[in-house]
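Shared chain: chain A. Partners: chain B in the first complex, chain C in the second.
After this line comes the complex of A and B, so read on.
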């Protein structure tokens, strides 16, 4: 039982990271139907920037802010320089474009930070043991941060004018244009949200899961699976999906074989898409396929 | 970004390519030949990917997975079980294709994002499995794969291996190019322009995409086999994501508009790769590994933004003909059988149709809700063989929604649709087409990348048979291609578009595009034809001719359902008229009955029946309209 709880908790914590990445996928997809393959790189980049900032003597909170702000700028630049100039965005184009950006970001990270994995300094706090389950303070930070970010994002979409405007763009682009919501601005805003959530995931995860130039690939795919569990359009669904995926992975790694951890996400992806492509953690089964 | 078969430039391309490849090992320095071997191997995989992206409009981020499956299978069978290279290769390629088939079965029904991410995931899984499994030799992989040997000749120098690869690449290119210009290629090109229109002409999108995806994996498998023999080692890197990205870059750089671009793309990317992995470590000390990724990423982004058609586009710009030619237009010109027909003799009569007057289409309780809105509410309709039924009603009455449900574009919330006794509601449009029924669209669904004739040739999809294999071999399918072009041309003539047959479809005025859609639908030789506002945008003469055409089709035994705003034209033409208002069927009867139905008139005028002034207006209208006809 303790084993199970231990594994489940570890899974929740890693799942929270997937959830944050998943939110980024949802934010961009709902506005422009683009799957941003550089989403994982946002996280890797922010982790590495924070590590360097700390190494250069900045206090941790400042380093985190610097990292998140830098990645937000990168996300906006990406939108302005690569997404905005394309007139007719097809699925094919969007995938190739964002893949190109993701690949270029990876290479920049490799050149600047080298090939080794590094970890950010842990956030302050004591590790604790509850019911025999040892809990690292960083894991609590991850869960807490994810909860705050998820609530904030949901609040933004459901309570603020800007958030509602973004939703309107997603559901009725023509109508949104008619009432004066600029798609260009909505697209920028969606990339900003994706950049910030991705960057937060990156800095929160780095102390436990480490960061390297290529860690964005796996984390990006898993974030995508989390988003898929929410039908790619639901922030709540992506959060629940991320947590569920994390727990499942952790259980498979613990009870079956550690090596199979990375295979879980893919199997979940295929099963979900075959059985219920509109998402598992969505209220209505309206397939937007 | 799509494939436009253009015969002449293809032939020039092939000629140049063969000569260049043949002399390359003689002229290039040895180190270049070595790079060239990799370029050819990767080109094979990239040709497959170009087919997938250009033809099926789908992206694979895991082309390296199938490459790795091919390479590992070959390595294991040859080194552990002493199979001969050829037999092992067959198994290797089949396994790679099989993997794609299974994955495609799961993911190709969905939108393009899912196949992309699914194949990305497959790459990760294969890397994980290959690394974890003892059977595949873990991280170090499988060693000692011998160089191939035929007739006591071992192909072990770069030049010899290069020459061994040239015929494989050329055959691979020919097959790919033939498929692109075949019936299957044309259908998939249509899908890329308008999936719904292609489906209503009988194209089973999912099935064709699955075939292309499977084939593209076979290409990757072949490449993997040659890779294993050349490198003599296969390790988990073969399924690596950067390799998949490299394949993608090769395809995009070469241009998705042509298959042979993949070969040129492969050489460029390999030399770029080679120079960067020596150059970058000199500039940035300590940079090792996948530094070439930087170049890949930047080139990909620049390409999509600046030159989305890749080198193929650059070539076409240079040669000065951006406008592609439609598939098969050449044969058609040779066989125009002009058909002067001022008569009203029956058209498209077909043995095997049910008795005139028997029920062909039966709709019961058809209902559609969109969220809380009831768009169509409990409609019953019957359409009989050799009858024209007109569906009229104000805007937003649910006419097009009805069409969409009957033709399988939408699934009804409830109710049934039977065609010739068989239930078809909720089935995809190609099922509808296979049951010899098709439709046109109110908002045009023209295949913009094709000529008028090309559009109508897609309509012959179900009346022709050449499958992928025959298309790939070209010659067996050639006679049928000419036949398709000829019969398509006949239909084009019939609607009066003969002079415009070879024009790009989107260059036509809207009214003519509508006529082309009618021709395209007729080319399927349907028993049931649904026309959504076919008269809109037509001139007076064109309307008269279309009405005559519809009468002749009816005389031939076709059943026609017509949605039309021109009420007078409809009442003059139809046998039965159904009036929809606000999703409900408010009247059904002969034109005369409808003309005098107060509910109908009220619906059109939007007034209450007991309003005396309005009633007066209604009386005037019915009287007036009766007199005009």
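After this line comes the complex of A and C, so read on.
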């Protein structure tokens, strides 16, 4: 039982990171049907920026803010320079475009930070043992941060004017434009949300899972699977999907074979796309976001 | 319906694209060939990016520094030395491609690399077919087992495992668990360990595996804790070995932990942090050079290399840098003494004896293309984030 709980908890912590990345995929896809393959790179970039900021003497909270703000700017620039200029955006075009951005970001990170993995200083706190399950304080931080971010994003979409405007763009782009909502601004806003959530995932995960120039690939893929579990249109679905994927991976690694851990995400992806492409953690009649 | 189909298609394309980036291409290279005129060419295939980066980067630094030194001293027999380094991105196919390119396009006289065992396996048949001598910098004994043209400079796994079994006998450990790298570096370790342990009554009770780029080790450590062996062996390289070490401490496993010679660099200490304190590992003497007795035959060689490396790069070299020093220096000595004829080069290396290197004192022979025995490693621990010599293993 202790082992089961330990595995499940480790899975939740990893899954929370997937969930944060998944939120970013959803935020962008709902507004413009763009699948942003650079989502994982946002996380890697923010982790590396935070590590350098701490190394240059900034206190940890400031370093985290600097990292998140920088990545938000990168996300906005990416939207302005590569997404906005395209007249007729299709999902396929977006994949090709964002793959290019992802590759470019990786190259820049490799040049600037070199190839080695590094870990950010852990957030303050003591490791604890509950019911025989040993829990690192950073894992609690990851879960707490994910909860706060998820609630904040959902609140934003459901309770604020801007959030409602984004939902309107997602559901009825033409009607949204007719009532005066700017699609260009909506697209920028969605990239801002994706940049910030991705960056938060990056700094939260770095102390325990480490960051390197190419670490965005794996979590980007897992985050994408998490988002797919929510049909790519549901924030709640992406969060639940991320947590479920993390736990499933951890249990498979513990009870079946550790070598199968990374296969879990692919198997889940294929099964979901074949059986229930509208997402597992969504109601059948899809209300977006 | 159409919408769902489009979505399926898009999702599949996205997943494929994400996966494909992992296998992206890179590197371009030099021109032309030439045998007896022009520069002498040494080709190196290293794990500069990807999971083996903590090994490949210092190896590249070492090779570049040494090549500069050779050319500043007038080259090899009056001919300039040209060093061509390729990045295999820590992949097997990358290593095979790079080796083929170095041999066919650049027509190198001798091949160095790769940094890790998996990519070295991929290079071996290419060197054998082309009949070009190759010196791997990696550990697994199967890289050179029964080979004609391939040599290596990192200590064999069996050398490390013999030291671990010696340690187990000394400490009275009867059961061992193994948590190993699932790539080439960890291949065959469990079998070798079981074989070496059997005459001493030492048993391997569980074996867990991890991918070299894994980030969460809870599953493996839970199973190891469950097995309750007298001591546990983590067999990997940083960052994975460091993350595994952290998970080991996090799950409060009481049994002593032994790491392999894959952790011989500062990157491991930096990433493992406090969790490294108290581990035991058979490691190259480079890490504890300052603690070696003055009459140690390797001491002057190691100290000179360390001083050069620090002056050039402002940091301490790792044991992996040492493997590169050995490979390069053996190659240059062979090129100086035997010339560029592949057969003569090969024969020279195979008969090289008493070569005092960084990883140990090498004695190659037709049967042994790795040249090092178990005295090449000292038993080292970590205290307050620094390497400490436990046993210099010379007797």
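Here, the second predicted complex is superposed on the first by the 284 of 289 C-alpha atoms of A that agree within 3 Å, B and C clash if a C-alpha of one lies under 4 Å from a C-alpha of the other, contacts with A are read in each partner's own complex, and residues count from 1 in each chain.
The criterion applied here is as follows: a contact is a pair of C-beta atoms (placed from the backbone, for glycine too) under 8 Å apart; a residue touches a chain by one contact, two chains touch by 3 or more.
As the structure is a computational prediction, the values presented were derived from the model and not from experiment.
> Which of the two partners, first being chain B and second being chain C, lies in contact with A:111: first, second, both, or neither?
In the superposed model, A:111 contacts chain B only, not chain C.
> Using the superposition on chain A described above, determine whether A:151 touches chain B (first), chain C (second), both, or neither.
neither
> Based on the superposed arrangement, let me know which partner A:14 touches: chain B (first), chain C (second), both, or neither?
second
> When the two structures are overlaid on chain A, which partner does A:102 contact: first (chain B), second (chain C), both, or neither?
The answer is both, since A:102 touches chain B and chain C.
> So in the superposed three-chain picture, is A:209 touching just chain B, just chain C, both, or none of them (first/second/both/neither)?
Touch status of A:209: second partner only.
> Determine, under the contact definition given at the top, whether A:82 touches first (chain B), second (chain C), both, or neither.
The answer is first: A:82 touches chain B but not chain C.
> Contacts for A:260 in the overlay, against chain B (first) and chain C (second): which applies, first, second, both or neither?
Touch status of A:260: first partner only.
> According to the stated criteria, A:93 is in contact with first (chain B), second (chain C), both, or neither; which is it?
first
> Going by the contact definition given at the top, which residues of chain A touch chain B in one complex and chain C in the other?
Shared contact residues on chain A (touching chain B in one complex, chain C in the other): 35, 37, 91-92, 95-96, 99, 102-103, 106, 110, 114-115, 214, 217-218, 221, 224-225, 228, 232, 257, 259, 262, 266, 269, 273, 277.
> Touching chain A in the complex: which residues of chain C?
Going through chain C, the ones touching chain A are 4, 6-15, 17-19, 21-22, 24, 48-50, 53-54, 56-57, 182, 208-211, 213-216, 218-220, 222-223, 226, 238-239, 243, 246, 250-252, 267, 270-271.
> So in the complex, which bits of chain A are touching chain B?
35, 37, 82, 85-86, 90-93, 95-97, 99-108, 110-111, 114-115, 214, 217-218, 221, 224-225, 228, 232, 257, 259-260, 262-263, 265-266, 269-270, 273-274, 277, 289
> Given the complex with chain A, which residues does chain B contribute to the contact?
1, 53, 57-59, 61, 103, 106-107, 109-114, 116-118, 120-122, 124-125, 128-129, 131-132, 241, 245, 248, 252, 280, 284, 286-291, 293-301, 303-305, 308
> Which residues of chain A touch chain C once you look at their complex with the stated criterion?
These residues of chain A touch chain C: 3, 6-7, 9-10, 13-14, 35, 37, 91-92, 95-96, 99, 102-103, 106, 110, 114-119, 127, 129, 134, 136, 208-210, 212-215, 217-218, 220-221, 224-225, 228, 232, 250, 253-254, 257-259, 261-262, 266, 269, 273, 277-278.
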